[in-house]
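These are the structures in question, set out in turn.
You will see chain A twice below: alongside chain B first, and alongside chain C after that.
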Partner chain A sequence: MSDDTPRKSPIATRRQVLAGISALPFMGMLGGKVNAADYPTAEVNTTGLAVTDDKVTVGILHSVTGTMAISETGSVQAEKLAIKQINDMGGVLGRQIDFIQEDGASDWPTFAEKAKKLLVQDKVASVMGCWTSASRKAVLPVFEQYNGMLYYPTFYEGLEESPNVIYTGQEATQQIIAGIDWVAQNKGAKSFYLLGSDYIWPRTSNKIARKHIDKLGLEVVGEEYYPLGHTQFNSVINKIKLRKPDVIYAIIVGGSNVAFYKQLKAAGIDMTKEKPLLLTISVTEDEILGIGGENIVGAYACMKYFQSLPNDNNAEFVTAFKEMWGEEIVIGDVTQAAYLGPWLWKMAVEKAGSFDIDKVREASPGIEFTKAPEGYVRIHENHHLWSKTRVGHALDDGQYEVVFETEDLVEPDPFPEGYQ
Partner chain B sequence: MNATFYTRREWIALAVLAALILIVFPATMDVFRLNLVGKYLTYAFVAAGLVLCWGHGGILSLGQGIFFGLGGYCMAMFLKLEASSPENTAIQSTPGIPDFMDWNQVTELPFWWIPFKSFPFTLAAVVLVPVIFAYIIGAAMFKRRVGGVYFAIITQAIAAILTILIIGQQGYTGGVNGITDLRTLLGWDIRTDSAKFILYFVNAALLIVVLLLGQAVRVSKFGRLLIAMRDKEDRVRFSGYSVADFKIFIFCLAAAFSAIGGAMFTLQVGFMSPSFVGIVPSIEMVIFAAVGGRLSLFGAVYGALIVNWAKTSFSESFPELWLFAMGGLFIAVVMAFPNGLAGLFRSHVEPLLAKLTRKSPSPPAPDATPAEAVKLAAE
Partner chain C sequence: MIGDYTLVEFSSILAMQGFAGLILFSVFVLMALGLAIIFGQMGVINMAHGEFMILGAYVTWLCSHFVTAYVPALFPVYFFVAMALAFLVSGALGMLVEWAMIRHLYKRPLDTLLATWGLSLILQQLYRSVFGAREVGVSLPDWMMGSIALTDIIEVPINGIFVMVLTMLISLGVFILMFRSAWGRRVRAVVQNRAMAGAVGINTKKVDRVTFGLGCGVAGVAGSAFTMIGSTGPTAGQLYIVDTFLVVVFGGAASLIGTIASAFTISQAQSTMEFFMSGSMAKVLTLLTVVGILMLRPEGLFTLKMRR
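Coming up: the complex of A and B.
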């Protein structure tokens, strides 16, 4: 990637444009410049969305204040980066993307209020947003009632398939099954201890994990849940020591992670020895910033993206991200999934030749994004993404080293037969 | 109503408020904004309860979210059952139960959900469940003469406990997500614009009824006893009154007001979640009352409206800085006018109005004497 990533200059020289384009992950699709005049506003916007002859407005709806801000900030940054890159390439159907950002304030009713404002008052053409399942559940009726389109970035529990949402993160089976197969085959794991924070995602995920462990003929020796924000894990750590599982399967979220991994280390469980081995689906590079790399070194994480992923798309993405948001920044799984949102929307709009929500929805299944940082992805009929599942091994510098990836894309299956 | 129910000035204030929420807002706002105002007004129910319980009775409750939430949950349970008809939930492993129960492997409707299939039962439960709960708290505390800051802390702890309980029992309560995706009330779609319009007026009318009820309590003998209890509790007790019973009554009344607000909230917003039960919303509700003026029922309504309107507009304009602006507003209110907007109105606007109408300024309201202000400030 060249040093000349696109600048925000409205009048770019030819050389800058070329250099800029070369830095973009989307070059292959560019073809020729799309002229807004070829797509008259009256034809591409028949439902009164915020689309003019040279501008289209989208919404960004995440928490930038409150407890979730630490997790959601990365998604906001990724979405802004994607929008900027799309604009530098000429926008969508010749129109520059403008965004209205609203703060969900880590409060589910606020999410619903702001979602409604974006759809009813601002008439945005799509919304990139939400993080927790609770916030998504709060806005879902709003999106379905006012027919909006939400690009939702987080890995989540599944059991949902809304015509008004594109799920750019993994649903539970995509994230879980390949990881358990991997520890069973490569690490000889026979017994599992399931842990989680007490809400819908960890509970559903552990339910799927338990069913799959049963199918493999292996054993679950314990399953426990703790309230969000819980910080005393000593009793469960003692139980783990007593029952000696081969794998601790941890789905602990948010601030609790810091206490959990520190107490695990203090109790003398050295994860680098892999006795027991720790497998998590909830700790991305963002969480390690809080936990500290030295406290989690040796653990394994199963998700679809790691910052260290060795491919050209990702190298370009990481460089562009750091250039926009600073060298110190880390990029986790959800941040990457959030980055896909604006691109997938742009491609669907261009395929449909229209901003109308119904046409975008119709055009979405089958959309392929070859330049995604995680590699090739494709939108399934059920609005989730086909994507690979990977296992990362935590290093002491807070990064993961990718030790395994599925050969093929894993099919999303939000209502898995035999796992409910 | 007797002649002293409202002074002439207070009748005018009521007329202005009623005109504002029944005529001006609906005439000038689109349905989206009007629905937001409707949501703010549901907090005014809680703030009005606090004016009686805290401002007049001297009982500071930092747990009004408990009653707001219980009222809201009762309504949400009814609406959720209606939305979970076997046809709507055909894809679940157990059709006919709420979706979150199905996700949590609950296969049968819990027995205490069953009565909420009945609308009359739900309407009664909206008020009675919170009132009975308030009675239990009140009886346990006031009979033992627990009061003041200890009472505030205990109510806060109960709010925290209830939140944890709701989140922990997610198979029965919806957990952190709350009870979402509510659709119809007795077959009437509450998500449409016309329904929101009607619900706004129902809400506004109920609020005015609650304000009149609150005023009836204020001007009654009981209202004067409340103030006496606040200022010299022992003297009232030695005069032979059962202080605890009066306190329990006013606390239950405030709980009932909050619960009505909670139920109207659920109807207008379309869901209920534990984030309205906990400590933060409970304290916010005290702030609404404090900003409006804790001695004024009308002030409480304005307080709820202004704080929430500021919250919405600050956060729309400065998504990353709005919390600081809100913090600044609260500090400014407490520092500059401890009796809230109503106090400001009395001390500055009323004399001005009096001057304009060439009349002598009215004597200060009996419940806002300087001695009291000093005492309140000292607390």
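Coming up: the complex of A and C.
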């Protein structure tokens, strides 16, 4: 049984001290405090953005109501933490960041409407937001028309490269290829059963996975899609049992996830025996909260970030996150990617010496963030991030143990040749 | 298909698929029963049915926490208490809703549809505010998870058996209540002729309230049981609502037997088709078949002859 008794929260003063300490390492990252007077507003803001002598306004655009709230809550929390830490160390070009939060309400037209409001009415200098590809596609024309800058955190299917978006999550090849290579080499996997929810991300991802499996000379013994929200997986589990694949490659999302893993366990497939082995790219620590660690123990996940990642950046990040949002909270891959958004924007602004969107865009490629919780990331010319791919092994306490990471950063390749 | 498999494997497929179909059948009956009571007996389309189910799931989740924290010794059997509580809590909320909202709208069936849909949104946001937007994991006793291996290939999930037995018991209970008790007789009298039932001294308002409460209570038990096989989150109720309506409408709105027959037909069709084609296609074909049959028989599989 997990220990569910809430721990005593530290008293307020201690909390503040700790938060201060945890922000300390970030100080001096870019040569100490910047004085706003050195950057007159008239010079750093030539396009009428919401920038004053001591303040700059950004937007946060996520769903906090509706069905996607379950996923997007973590991203909002991460972005607020990053903004707070940046403010604690002096802000951006000497200006404190103020944010306007809008609710996309899990409804794509609402996302577009709110994006327009943020850009046209509030004149925000950048927007951290969106989660599903559908919401990103809905706001994209708005950002391109009114020349805004969106920091998009979710791992997604690729096939997109907009001058008005910085993609801080992985595109599909970054998440898929290294994981399949790893099970092929280290687990001797020969046959795969591909499984997914029925929409663009799992389908595109499985297309890439299938191509890569073919390339390695291995075999795909089944490929299936289930409607979003599907809750009965007994038939497909029977099929899997008969086909006896070495690997179940699962990209199931949302509430279906919980049903799938509970029924898999109930059907007597013990993932710790790795016969078959389960590899997923859609279950982060956030999802395990709902699934229950005991129902997914033994599975492997291919991500770029796990909460348990052993490095100093991450230790500080996890401490600060828990200080702000509570001891019980878990941090998944997308939450970390959302945390990068405000930092990457801040660095681009400071490199450009301006808040102007065009200058920020020009300054973005090549920006390095050495204090990223996932380690080190760099913005590619195609607006995606260079980052490592990692494989985690699910433990029964709901955390992953990192068992593999790529040696080098993996180049983002949103339009993979030979994979389409 | 047989070509790829040996005879043993093929017979195992049949056995396991048959069992998967039966589990799906039980799940369908369990989730549709509450709706069928309300829809069939009162003519109220309860769009908030899924949210009453999730209320039961949250009650179960609270129970699991309470038991773990205070009486861990009772953990292996807490689920039964949780189900009873789920019934009471969902039923009580149902009666409250009937009193505050539904009873004013009996003469306007389309408005109840809108009102209960609004209620479902209110409840979803309420769950989100109280329990958080994230899904919660309900921890279950070990004996309920896992499977019984009959042969090398055939394995029967224990939670599936649990749902089947539970469904049987609850259906039996509802039948006794509806067709063998004095209260059931009153409910049926009100359904058949409300004015006349009132004239012979039946308190129709009370019958309505208790019927609505019973339907919601059964939904709560279903939600509680589904923590074994599904997710518990503010919007998880939406996952069930389409299938639930499908089963009830296909079966013939006013007939409980029809609900069970339709659950059986749909579940067997779906689980068989899911085996031979992909999940999405199976769903499409199931829905097409149901639409086709409803075009020929608009009242559903079973209809009651009654006078309004």
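One rule holds in what follows: the second predicted complex is superposed on the first by the 391 of 420 C-alpha atoms of A that agree within 3 Å, B and C clash if a C-alpha of one lies under 4 Å from a C-alpha of the other, contacts with A are read in each partner's own complex, and residues count from 1 in each chain.
The working rule: a contact is a pair of C-beta atoms (placed from the backbone, for glycine too) under 8 Å apart; a residue touches a chain by one contact, two chains touch by 3 or more.
Because the structure is predicted, anything quoted here is derived from the model rather than measured.
Engineer: Based on the superposed arrangement, let me know which partner A:Lys239 touches: chain B (first), chain C (second), both, or neither?
Structural biologist: A:Lys239 contacts chain C only, not chain B.
Engineer: For chain A, which side has the bigger count of touched residues, chain B or chain C?
Structural biologist: C
Engineer: Which of the two partners, first being chain B and second being chain C, lies in contact with A:Thr231: first, second, both, or neither?
Structural biologist: It touches chain C, and chain B stays clear.
Engineer: Looking at A:Leu289 after the superposition, I want to know if it touches chain B, chain C, both of them or none. Which is it: first, second, both, neither?
Structural biologist: second
Engineer: I'd like to know which partner A:Asn313 touches here: chain B for first, chain C for second, both or neither.
Structural biologist: A:Asn313: touches no partner chain.
Engineer: State whether A:Ser162 touches chain B only (first), chain C only (second), both chains, or neither.
Structural biologist: A:Ser162: touches no partner chain.
Engineer: After superposition on the shared chain, which partner residues are touched by A:Gln399: those of chain B (first), chain C (second), both, or neither?
Structural biologist: A:Gln399 sits against neither chain B nor chain C.
Engineer: In the superposed arrangement, does A:Pro141 touch chain B (first), chain C (second), both or neither?
Structural biologist: Touch partner of A:Pro141: chain B, not chain C.
Engineer: Once the shared chain is lined up, is A:Trp108 touching chain B (first), chain C (second), both, or neither of them?
Structural biologist: Only chain B is touched by A:Trp108; chain C is not.
Engineer: If we overlay the two complexes on their shared chain A, which of chain B and chain C does A:Ala259 touch? Say first, second, both or neither.
Structural biologist: A:Ala259 sits against chain C, while chain B stays out of touch.
Engineer: Overlap the chain B and chain C contact sets on chain A and report the shared residues.
Structural biologist: 64-65, 198, 227
Engineer: Which part of chain B faces chain A closely enough to touch in the complex?
Structural biologist: Contacts found on chain B: 30, 32, 36, 39, 91, 93, 100, 103-105, 164, 167-168, 170, 175-178, 180-183, 191, 269-271, 273, 275-276, 312, 315-316, 319-320, 322-323.
Engineer: Which residues of chain A touch chain B in their complex?
Structural biologist: On the chain A side, the touching residues are 64-65, 101-103, 105, 107-110, 112-114, 116-117, 120-121, 132-134, 137-138, 140-141, 145, 157, 159, 198-200, 203-204, 207, 227-228, 415, 420.
Engineer: For the complex, give me every residue of chain A touching chain C.
Structural biologist: By the definition above, chain A touches chain C via 1-2, 4-5, 64-67, 69-70, 73, 198, 223-227, 229-232, 234-236, 238-239, 241-242, 255-259, 262-263, 265-268, 286-295.
Engineer: Under the definition above, what is the set of chain C residues touching chain A in their complex?
Structural biologist: It comes out as residues 5, 9, 13, 16-17, 19-20, 23-24, 27, 65, 68-69, 72, 75, 125, 128, 132-139, 145-147, 149, 153, 155, 157-160, 226, 228-236, 238-240, 270-271, 274-275, 278-280, 283.
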